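Contents: one structure, followed by commentary.
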Amino acid sequence: MDFTPDPHSQRLGAELREFLDTEVIPAEAEFHDQLATAVDPWTRPPALRRLMDGARDRGLWNLFLPGEHGAGLSQLQYAPLAELSGWSPNLAPAAMNCAAPDSGNMELLDAFATPEQRERWLTPLLSGEIRSAFCMTEPDVASSDARNIGTRIVRDGDSYRITGRKWYISGAMNPEARIFIVMGKTDPDAPVYRQQSMILVPRDTPGVTVRRAMSVLGYDDREHGGHAEIDFEDVVVPAANLIKGEGEGFAIAQARLGPGRIHHCMRLLGMAERALDLTARRAWDREAFGGPLATQGTVRTFIAESRITVESLRLLVLKTAWLMDTRGNREAHTEIQAIKIAVPREIQRILDGCVQLFGAAGLSQDTPLAAFFAAARGLRLADGPDEGHLSTLGRAQLKAYRPQ
Amino acid sequence: MDFTPDPHSQRLGAELREFLDTEVIPAEAEFHDQLATAVDPWTRPPALRRLMDGARDRGLWNLFLPGEHGAGLSQLQYAPLAELSGWSPNLAPAAMNCAAPDSGNMELLDAFATPEQRERWLTPLLSGEIRSAFCMTEPDVASSDARNIGTRIVRDGDSYRITGRKWYISGAMNPEARIFIVMGKTDPDAPVYRQQSMILVPRDTPGVTVRRAMSVLGYDDREHGGHAEIDFEDVVVPAANLIKGEGEGFAIAQARLGPGRIHHCMRLLGMAERALDLTARRAWDREAFGGPLATQGTVRTFIAESRITVESLRLLVLKTAWLMDTRGNREAHTEIQAIKIAVPREIQRILDGCVQLFGAAGLSQDTPLAAFFAAARGLRLADGPDEGHLSTLGRAQLKAYRPQ
Amino acid sequence: MDFTPDPHSQRLGAELREFLDTEVIPAEAEFHDQLATAVDPWTRPPALRRLMDGARDRGLWNLFLPGEHGAGLSQLQYAPLAELSGWSPNLAPAAMNCAAPDSGNMELLDAFATPEQRERWLTPLLSGEIRSAFCMTEPDVASSDARNIGTRIVRDGDSYRITGRKWYISGAMNPEARIFIVMGKTDPDAPVYRQQSMILVPRDTPGVTVRRAMSVLGYDDREHGGHAEIDFEDVVVPAANLIKGEGEGFAIAQARLGPGRIHHCMRLLGMAERALDLTARRAWDREAFGGPLATQGTVRTFIAESRITVESLRLLVLKTAWLMDTRGNREAHTEIQAIKIAVPREIQRILDGCVQLFGAAGLSQDTPLAAFFAAARGLRLADGPDEGHLSTLGRAQLKAYRPQ
Amino acid sequence: MDFTPDPHSQRLGAELREFLDTEVIPAEAEFHDQLATAVDPWTRPPALRRLMDGARDRGLWNLFLPGEHGAGLSQLQYAPLAELSGWSPNLAPAAMNCAAPDSGNMELLDAFATPEQRERWLTPLLSGEIRSAFCMTEPDVASSDARNIGTRIVRDGDSYRITGRKWYISGAMNPEARIFIVMGKTDPDAPVYRQQSMILVPRDTPGVTVRRAMSVLGYDDREHGGHAEIDFEDVVVPAANLIKGEGEGFAIAQARLGPGRIHHCMRLLGMAERALDLTARRAWDREAFGGPLATQGTVRTFIAESRITVESLRLLVLKTAWLMDTRGNREAHTEIQAIKIAVPREIQRILDGCVQLFGAAGLSQDTPLAAFFAAARGLRLADGPDEGHLSTLGRAQLKAYRPQ
């Protein structure tokens, strides 16, 4: 066992740290101003486009993607970089073409798409030309359980016909999200995990209607394309748009989940670090009861507890990344579940404390804390609520003890 | 000791319950639609104006105000009514002319205003014709400690000249908020608690600039007039606008705080009850792991814990109300602090759990849960963060043991 | 609603407070010394016998018992007195003949015993001459669910024959516990709640073997007669020893539970108050980091949080007592469950904090804190673990929403 | 970074696992019986002596000690072995001659003792012939802060004269603890961290009086020599008994603390693992509400949460061990503090949950859970309460932000 950081990752980290400090964080205010005054508030504004050029020039591009089409980093190598990008979660991941849901979608296409599908969609995604969405969650069912999915994908000659409603489709309010990966049932009579398939649906296909933007605790998250409710009414696409094959939907979704979850956790660590950094500064700036907040026992205790939490969660994330790299995502299932449960919840708690220390400013638009808080809160529900994960993780642990 | 509810309060409660079920809650969607499409999103929309007429007709008007100018209820009698109004916190309190900050401002004027001040401002407030704001919090200091206030109120012949910046002035984005009660320092050299004064500043006085709307966890709270940042630049008002006298600001603020805090707590109990009501229904509607959520141990446990918390907090609120009624607000200081700390925090926790059970819908605009959550979160900072209150409450408890 | 304390209760409270301060608490060290050096460490030592005389003289006797044979207090009147007795939980309740399990057994006999049974057992219990035990819990089953009970009570002519094993039978290590009330099944084929009966078994009946003393977190609780494991092997008693009738065991147990639980909660409040009193003194005595602990923010926060918790739990206990008095124990079922869950758990947490502030002394035999902690911990399991109660309480709450 | 376990450590771990399963755990009952019936309950009973022979034969001896006199393992290599020994914390560490406080005392002597001191005391300690105690904590002061120590060590010709009182001196009730390492002040006028010295005091030196056994939550911990209160009254020892030099006491204590703390944390992880193992078995054995506990959502959730906690804490412990190995104990100070705070507290919480699931048996002498709970609780106070550590850890974090 060896906790020495990877040198390649460290070099990239130094570059990214400099990029953050000199370009990304200074651009945050401009970015928000551009969004606030844009004709279409969902589209990537000029400040982000400029940062994309900067990231590309610095070699900070597609870092999430292992293999030859990306930066070729392992999860363990990517972890500290994804964490750093969490310091400016609306800008840095997108600037580096590493933002959800595109990163997951690119992984998916890199792993399962046909050469034609790759050419048509993966290439412009890898270059950052277009964006994408992943259409899984549905409003009427507990769709974190893929078995509940109601959307139908029906074969009709050389085409598939898609009907259903999706919501909380992140990024899809952005008209640049040109391609939707849609999960639906092709065969409701197949075995439970062979009923689902995934299919590529270009945004401008007739029958696709983006109905409205869903909010998360008061935020519409326009910074990264919002969360759309989308109707698919008799949407017809060529049969060649199917990904991998009929009945493969569940397996593809599973493959996509692991990296998606761990990348969220990595970025959350970065949000926590930035929040603690801001809070430590604030604690010296603000006076109360005759001295800076930083000299008070309750504030010290909060900082200490937060430090302990962040350190132990980071180690759990790194161990999980290592497991994914060395044994595969499936073997890391328990650990992925563990971080998916623990990281957003504990970091929400830390952010809650930082807000508390900032007072009203902490809840306002003048610090990033409230938005970070909402992001962490939202991630406790993305891919299904913690409660379900806790139950299945516990069941798996207990299984080994079941009497025969 | 006797826990039998007051009969008069019960009669009013039955009326209010019926008002809620048949008029208020059914109007919520219409109210939000009107706000979303209004030319001025901060003004009271028609749906609210209609409900105000309904509440007045039912005798559900100014219930918060003890004495002859209000409904004449004690705090203990008002408590269950304020709680019920919390079931629809954006509509019911405003419909009944019992919404913050107007209720606190009316109490203040009823207690301290001159006959001319009463006539000019209290009368139209009592009738619901206009609204008002209470300008205390400042962006640059921990202004929950009145000693830190930076705004100056300087005597200048027959006038006062006011200079300073305030923020998170609730209700002030609504142009119907015609009158601002402004706290500032008249004499920085006086003893610490005699430096502050309060003065009436009509909204349209030259030098008053409403700069922007502050947000709370992504919400602009347009439903109740938002939270404004306001500049006062050389604002001149007649000396007769001073309330009570120079140096009385701190004492007036203290007098206003008690009822304001307990009324917030009462309404939070109602929010918790509505959230639990919605959650219980949801728990039977949603299936997961082979049965309704309502049959699962973790859900039952959450409901049980929430019930215990709400019951014990309600009793603490009622006891506090009784103390205020029988011994005065000052004697109830410890209890007021206790509920101010415990109620928003614990109810935030309950709401967090309800959101969790609802999944994405719980964070969305489609249920009231996320907005309730933000409201509870905000109240942990209103009038100063919990941490300060915990420290002073603890200090007061320990004082009795200090060796001589 | 009225929170004014009852005058009669207040007078008795003043007497009890004086008794505690001048006689009971000063006798604690002597009491423990006598136990440590006694030939039989389970018997009531002289210090306790002396205090019993004192309590009787002061009219502080059998306060728990409503009606003509006891002090005639309501639960609401008894509550503050039981709480005060919790300041010295090993001595005060026993001195006042109000200690568990005797109090519950006397209630039971007062309600259900025949004249002969009363004469033989209730009379010497009411006078404090003998003590008693309640034999319900069994080692091999989750016996908080009466349906699981394995002990058999079989009719055999004019006698009953009892066979089974019980454990954690509090008080039974004390040879003065002359009479055991034993729960067992008379008819395993009857409807589920009609299978059990209760029967009086004198301690010295052949076949009764007190096997060993069970411990609770390292304590053998000799101060109140320990917790015995008892074998009943072919124990024969006259049929006239049956209480009330065959099949009445479950109903009697239910009747006994309510007062037993609320009295434990009342005493726990007293333990918390004494612990906080000791802690406040300690916080001024001990210096750390340049000042008394009492001046530190973390200590103040702990004291404040503890105060809020104790106040709200006390109100919940009082409300429950009032419900028992005015609507009966059955109607107070939800509230009894609520306090049974919340009070031991929250007071354990407070005691944990007090221990922490005391350092090693807090865990030692030199303060009462560690023993209080163990008592609170134990009560989270007595009458079944919290988890079961939470589940049934939650189920009951949700039942009202079940779709038809 | 690489999470692959060390092969040498794994081989020893397999041996230890087998030793535990076939010899140690099966001997636990015998060990307790021997203690219960021993003439001197503080002395190592025959069962332990037999296991010491077994451990030595298996090469499981002095594993804690790096360098040539011990097993030569790094902290990182020792970690999984110490953890395993925590499965049977009363027997396994002592059997392997790795038990506190001897392990820390041997480290200390190995690092700082003169050849004569080594020969006289370290040699018989390394062979397990004798045991030892570390006399630092005092009853009257917050002695976790070495500056508060009241014991005096005064030079007197060729001797030192020692006067003071110590308590909670673990292991010292065992008469086999032949040697005490005593911390005291040699020069109260020296700079704060140069006032203290350490000196070797043989147990049978005149003036040494072991006064009484201190308890921890009702336990006297006779299994590992108890916790003694000791008077040193004009105790005279040769000047050659001083360790390292006058004024070196604080530095030696600091050097000793790091390994001591991390070894406690390692063993606590093992206690948690055994408790969870027992609990998982119990959860399948016990039925409630119509099925094994193991099938209930609340139980699964508890198991899952516990698993997440143990995994993340273990990683933090391993990272700390690696830091100690690669950068030295001083550089690992923050991490040592972090685990010292988090591990006992979180594992106490897990043990509390395991107890709850076991019911009364969990608090009894029939499972190891209650004793584990008390051990974890005690460790939250050993070397000073968590609160102090939280404050200094937070202060250190904030220091980097202090404005100049």
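Think of it as A, B, C and D in the order they're written, each chain with its own count starting at 1.
The criterion applied here is as follows: a contact is a pair of C-beta atoms (placed from the backbone, for glycine too) under 8 Å apart; a residue touches a chain by one contact, two chains touch by 3 or more.
Nothing here was measured: the structure is a model prediction, and the numbers come from that model.
In terms of the stated touch criterion, the partners common to chain A and chain C are B, D, listed by label.
In terms of the stated touch criterion, the partners common to chain B and chain C are A, D, listed by label.
Two chain pairs, A-D and A-B, are compared here, and A-D has more C-beta pairs in contact (counted per touch definition above).
We define each chain's centre as the mean of its Cα atoms; on that basis chain B and chain D are separated by 53 Å.
Computed centre separation for the pair chain A/chain B is 37 angstrom, with centres defined by C-alpha atoms.
Our note on geometry: chain A versus chain D, Cα centroid distance of 43 Å, whole angstroms. Looking at chain B, residues 297-299, 301, 387, 391 sit in touch with two or more other chains.
Viewed as a contact network, the protein chains are fully connected, with every chain touching every other. If you check the complex, the residues on chain B that touch chain A are 137, 139, 142, 144-145, 167-168, 214-219, 286-289, 298, 352, 355-357, 359-365, 370-371, 373-374, 377-378, 380-381, 384-388, 391. Residue ranges of chain C in contact with chain A, taken from their complex: 296-299, 301. Against chain D, the residues of chain A that register as touching in their complex are 1-6, 76, 280-281, 283-284, 294, 297, 299-305, 307-308, 311-313, 315-316, 318-319, 322-323, 334-335, 338, 341-342, 387, 389-395, 397-398, 400-403.
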